[in-house]
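What follows is a pair of complexes built around chain A, which joins chain B in one and chain C in the other.
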Partner chain A sequence: MDQKILKKNQIGKLYKELSGEYSFFAPINKKGNIVFEKIENAEDIILDYLNSKIPPKSVLFPQEEVLFEYTLDDKDIEITDRQDLEQKYLIFGIRPCDAYSFELFANFFSFHGDWKDEIYLKKKENTTLIGIGCNTPRTTCFCTSVGGNPFNKENMDIFLSDLGDSYLVEGITDKGKALIKKLSWLSDATKNDVKKAEELAKKAEELITTKIDVDKVVENLSTCFEDPVWDEISEACIGCGSCAYLCPTCTCFDVIDETDHYNNRGRRIRIWDTCQSCLYTMETSGHNPRDTKIQRCRNRIMHKFSYYPTNYDLLGCVGCGRCIYVCPANNDLRVILDKIKKIEKKEGEKVVA
Partner chain B sequence: MPNPYIPYLTKVKSIVSENKVNDIKTIELEFKKEKEYKNFEYIPGQFAEISLIGKGECPIGIASSPTEEGTIKFTIKKMGTVTSAFHNCEIGDTVGIRGPCGNGWPVEEMKGKNIVVIGGGFAFSTLRSLVIYLLDEKHRKDYGDITVIYGNRDPGEVLYRDVLDEWKKRDDIKVVLTIDREAEGWTEEVGFVAPIVKKVAPSSDNAIAVICGPPIMIKTTIAVMEELNWGPEQILNSLEMRMKCGIGKCGRCNIGNKFVCVDGPVFSLAELKKMPNEY
Partner chain C sequence: MGIETSNKEITNSIRENAKKLLSEDQVDVIIGYSQGTVPLSSTPIIIRKEEDVDKLIWNNLCYINLARYLAPLMPQLCDSERKPLRIGIVAKGCVARAVNVLAAEKQVDLNKIKMIGFNCNGIINRSKIDQEIGEKEMLDVAISGDDIIVKGRDWEKKFPYNQYINELCKVCQVKMPSATETSCVGECQELDSIHDEFSDITDFESKSADEKWAYIKDLLQVCTLCYSCRQACPVCYCNLCFVDQNKPIWFGKTTEYQDIFTFHLVRAQHLAGRCVACGACSSVCPVGIDLNFITRKLEKIVKNRFDYTSGLNAETVPPMMDFKMNDAQEFMLEED
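What follows is the complex of A and B.
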């Protein structure tokens, strides 16, 4: 039998067995927020969550990350590369939408020929994802509209289905299958377990009622750059950038040098940045190509639903719904996409991207 | 593949103040490791991310030509934190450099054509690189007539006096210099770049024009070029956008679906017409 059973009270055993070899990340409750952190105590792991507040992109692309370190000695400068990229990561309990975002990250960071983001790609290569299907998707979830599914197994190494007291364990990739083989104490699943998981998957899909015609949105975006709809879409936005910071597919970053002048050493780091910030595109001359809120809101939507499909033939959205429930101004991506879908095409409009 | 954010290290070999108000300097860099210099193969029009470790990094167009072997030059205007730090540099200081970045001027496709180079102000740096490249004895025969039209606010702002003087002595290049308003001792053209281009009226026949300068100069010059029957695919521009990584990762330099750092900075007017007006 390829499928196995992991009892919920065996998670501690799993952690104990794997945490030596891997940096073991899983969702925990941190001051009321679900976040993925390195686990020190298996009892902290929480798997009956819906979506983590901070997406697990933070494991491989932390909010602040060292690019290299340096020492300054009058005129002599020494640079030290990252020494920790061989570390193996295991991310336990990741949801299908977030697992897909890892593929989008890897795709974007390996694009543009000569220049690959080796820091991210090396970490991704050394990462094993043990994900879990969503029995009860949130009301803001819309993964099924963007090519996903609450039980999508594609981007995981090992896939778990929550059967109540236990998880059905399926190896998806060779890496995942090999890992399951090592966990020889897992019991075999019965036909009944497999059937139960299939029923849960079907039920979960039915629970997602939002259906967005994304193909139509993508089509309309190629001609609506100058449409007045963007005034409407951006009207309530306060430019806080939460939608982008907490988006599992947003990759943008700023780069700064942090120097400890007392000890003549420092580090060049990258930190999450967002196209929703006015300063993001502000040039040193003072000129700003996207100095209005309309332009910035438009850029976020165009990036995910027009530029991304044009450049990579992929959607830049996984349907997790985080941008919907974190927005302090109640801007709802589903409503935005619906407005774009309803735009009537005008003849002779300039086609962009 | 190595970590793409780690710069090669160079040393400042020379510093030249380029204008009277002393806010533009050309800094010449020498690679600390010969092998890394060999890896840094560039063409005119490309840029690099240069940094003073501990102060920060910024994208600057390469002002030297690959034919000027041994060192690499950048012309830097004192504007923000990093460029001001560059202005405080001393000879021998260590400078980090990553690149070369971007597509550069299409010197291969330009072969066999007449070349018109139009620049305004401080944006002349990658045009300096281009013209020196075209005039190099290895390359001059590959190109037709070369015309340079270079405008500035006043005589004190004219960059690269030494190379301009050399070019003016040659008979295989036409150099037209202009300043906005008359000034004492100035014997060349007077007027904005666009009307001077109209006066010089370069022929569009089998020709490519490269234009660099402030937005208003580019806009007015393009209007004149169109009057002179230049097609949008014959006119090349180099764009600027805020950048951090220079290698298509940090996100901010997009215009529509293009990244200026990797898809540009050089775009033809035909390409620009298809892009949103967000630059």
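What follows is the complex of A and C.
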């Protein structure tokens, strides 16, 4: 039988068995926020959560990451590349929308194959995703409008369904199936278990009430670059970066060289950046092509719903709804997209990607 | 009078005054609050037409300090030639204080601003409720009588209002605009000084230096440096924030503790004698960090040293931006 059962009191056993081989990341409660962190104690793991505050992109694309280190002397610079890229990662308890975001990352970090970000790609290659379906999606969730589903198993290696006192365990990829085989102590699932999981999936899908006509939004965005609607959309925005930092598909980063002149060494790091920052597009000349928040708010929407479809034939949004409920000014993405949907079409204007 | 009733009355008076300002052509736009789309929120809104004034609301979740949109003046509040419009601003006490600080620092032209004053009844501590609810989705938050009622899919929880408002609101003494009747419609008061006991920071002050250090370090564990605290602050208006200086870089921008700590402490220092105690910085924090006690401590020091409270009038420049020959300076050698 392909489907297995993991009892809720066996999480500790699972952790014990896998944490030697893998860097084991899972959701924990950190100062009242659910975040994915490397687990030290299996009892910290929380699986009955809505969704994490900080998306699990932070595991493979952390907010701050060393690209390489260097030492300097009078003549030469010696560069030391990352030595830890063979490390295997396991992300346990990831939600389907967040797992899908890694598919979008694959495009960004390999830019049509013209260029490859080896650090990210290597880490992703060494990562196993054990995801879990959402029994109770939030009212702000809209994954079904952007091609997802609260029980979407596609981007996982192993998929869990919360049946109450146990989890139904399904191997999705070969990697996942092989891992399940190694966990020989898992008991077999019954037909009833499988049926129950199917019912939960159906019920969860029905709970998603936010529906967005994304096709119409994408279509309208191609002709509304100069529309006055952007003034209105950016009205309440206070210009912080929480929508971008907590977005599972935002990938922008800034690169900084930190040199320790006293010890003749340094490191090149990357840190998350956001197009909502006024410095993001500041040019060396002092000119800033996006110097108002109107332009910056427009860029965030354009990037996800216009440039992504144009460049990768994919939407840049997974429908997790984080930006809706974390926005300090309650600048609700659902309202923004609705305003865009209602724009009456004008001819002759083209989007500049 | 219950909070629920008081909110209704405030909402009505805001709408009436907004309508009056627009119909008498005293202002071009009104900036106020509208109903939020998710629980525990509200959305700032710009009203341009009389018939839209009913979109304005007041509830205890109108936590954004609207003065935030005045400096730098956002483009939506300017005309087509980028000249400032005449603005009506829905002003709880701390909004008016911020407008006064901005005016004293020559950032806004008070002749272009009319305040719509009312007697503010406090702001709900969002993160406290959020933390207590935990991983259950809130569907509705409403005030009923004197309670905050939070509803979910199949549950309901009641929080006594007076225990779940911001600590700052509990000790607030400037609940309505400190302004004159010429600059304010609705309720206002003229104020020279207030007797702030700073009782909200007693706990923090009683800690030892080591304990304070550990306490702040612990709070900052989850900071993502999204800068929403800075962005929400009505008196943070620098064209280029110190932390954004990159030619050369002044401060590290990593998530390592020393960088996060430096940002928050230096930001707080820039607010010494300028913080208007609105609590917007902690209300907006997406991860629920509340560092108000640091700015409050600095306010207390300024109050003790210079007998100054920020934003009570639009003329007195905050002491840290001013110099007088008889300024006490011995504190530079003291620990406080």
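Just so we're on the same page, the second predicted complex is superposed on the first by the 345 of 353 C-alpha atoms of A that agree within 3 Å, B and C clash if a C-alpha of one lies under 4 Å from a C-alpha of the other, contacts with A are read in each partner's own complex, and residues count from 1 in each chain.
Throughout what follows, a residue touches a chain if its C-beta (ideal position, glycine included) is under 8 Å from a C-beta of that chain, and two chains touch if they have at least 3 such contacts.
These numbers were taken from a predicted model, which means no experiment stands behind them.
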item	value
Clash or fit (per the criteria above) of chain B with chain C on chain A	fit
Chain B versus chain C as contact partner of A:Arg138, first or second or both or neither	second
Which of chain B and chain C A:Ile256 touches, first, second, both or neither	both
Which of chain B and chain C A:Phe111 touches, first, second, both or neither	first
Touched partner set for A:Ala178, first chain B, second chain C, both or neither	neither
Inter-chain angle, chain B to chain C through the CA centre of chain A, in degrees rounded to a multiple of 10	90
Which of chain B and chain C A:Glu235 touches, first, second, both or neither	second
Touching partner for A:Phe225 - first (chain B), second (chain C), both, neither	first
Shortest CA-CA distance between chain B and chain C [superposed frame, angstrom]	5
Intersection of chain A interface sets (partners chain B, chain C)	254, 256
Contacting residues of chain A [partner chain B, same complex]	67-68, 70, 72, 75-77, 79, 81-82, 108-109, 111-112, 115-119, 225, 251-257, 259, 266, 268, 270, 273, 275, 280-285, 287, 289-290, 295, 299, 302-303, 306-307, 310-311, 351-353
Chain B residues touching chain A - in the complex, by the definition given at the top	1-7, 9, 51, 53-58, 79-80, 83, 92-94, 96, 215, 240-242, 244-245, 247-252, 254-257, 259, 262, 274-276, 278-279
Interfacial residue positions of chain A with respect to chain C in the complex	30-35, 46, 48-50, 53-54, 63-64, 136, 138-140, 231, 234-236, 238-242, 245-246, 254, 256, 258, 269, 271-272, 274, 277-279, 292-294, 324-326, 328-332, 334-335
Touching residues (chain side chain C, partner chain A) in the complex	36-38, 41-46, 64, 68, 74-76, 127, 130-131, 135-137, 139, 153, 218-219, 221-222, 224-228, 230-232, 240, 244, 246, 249, 252-256, 283-289
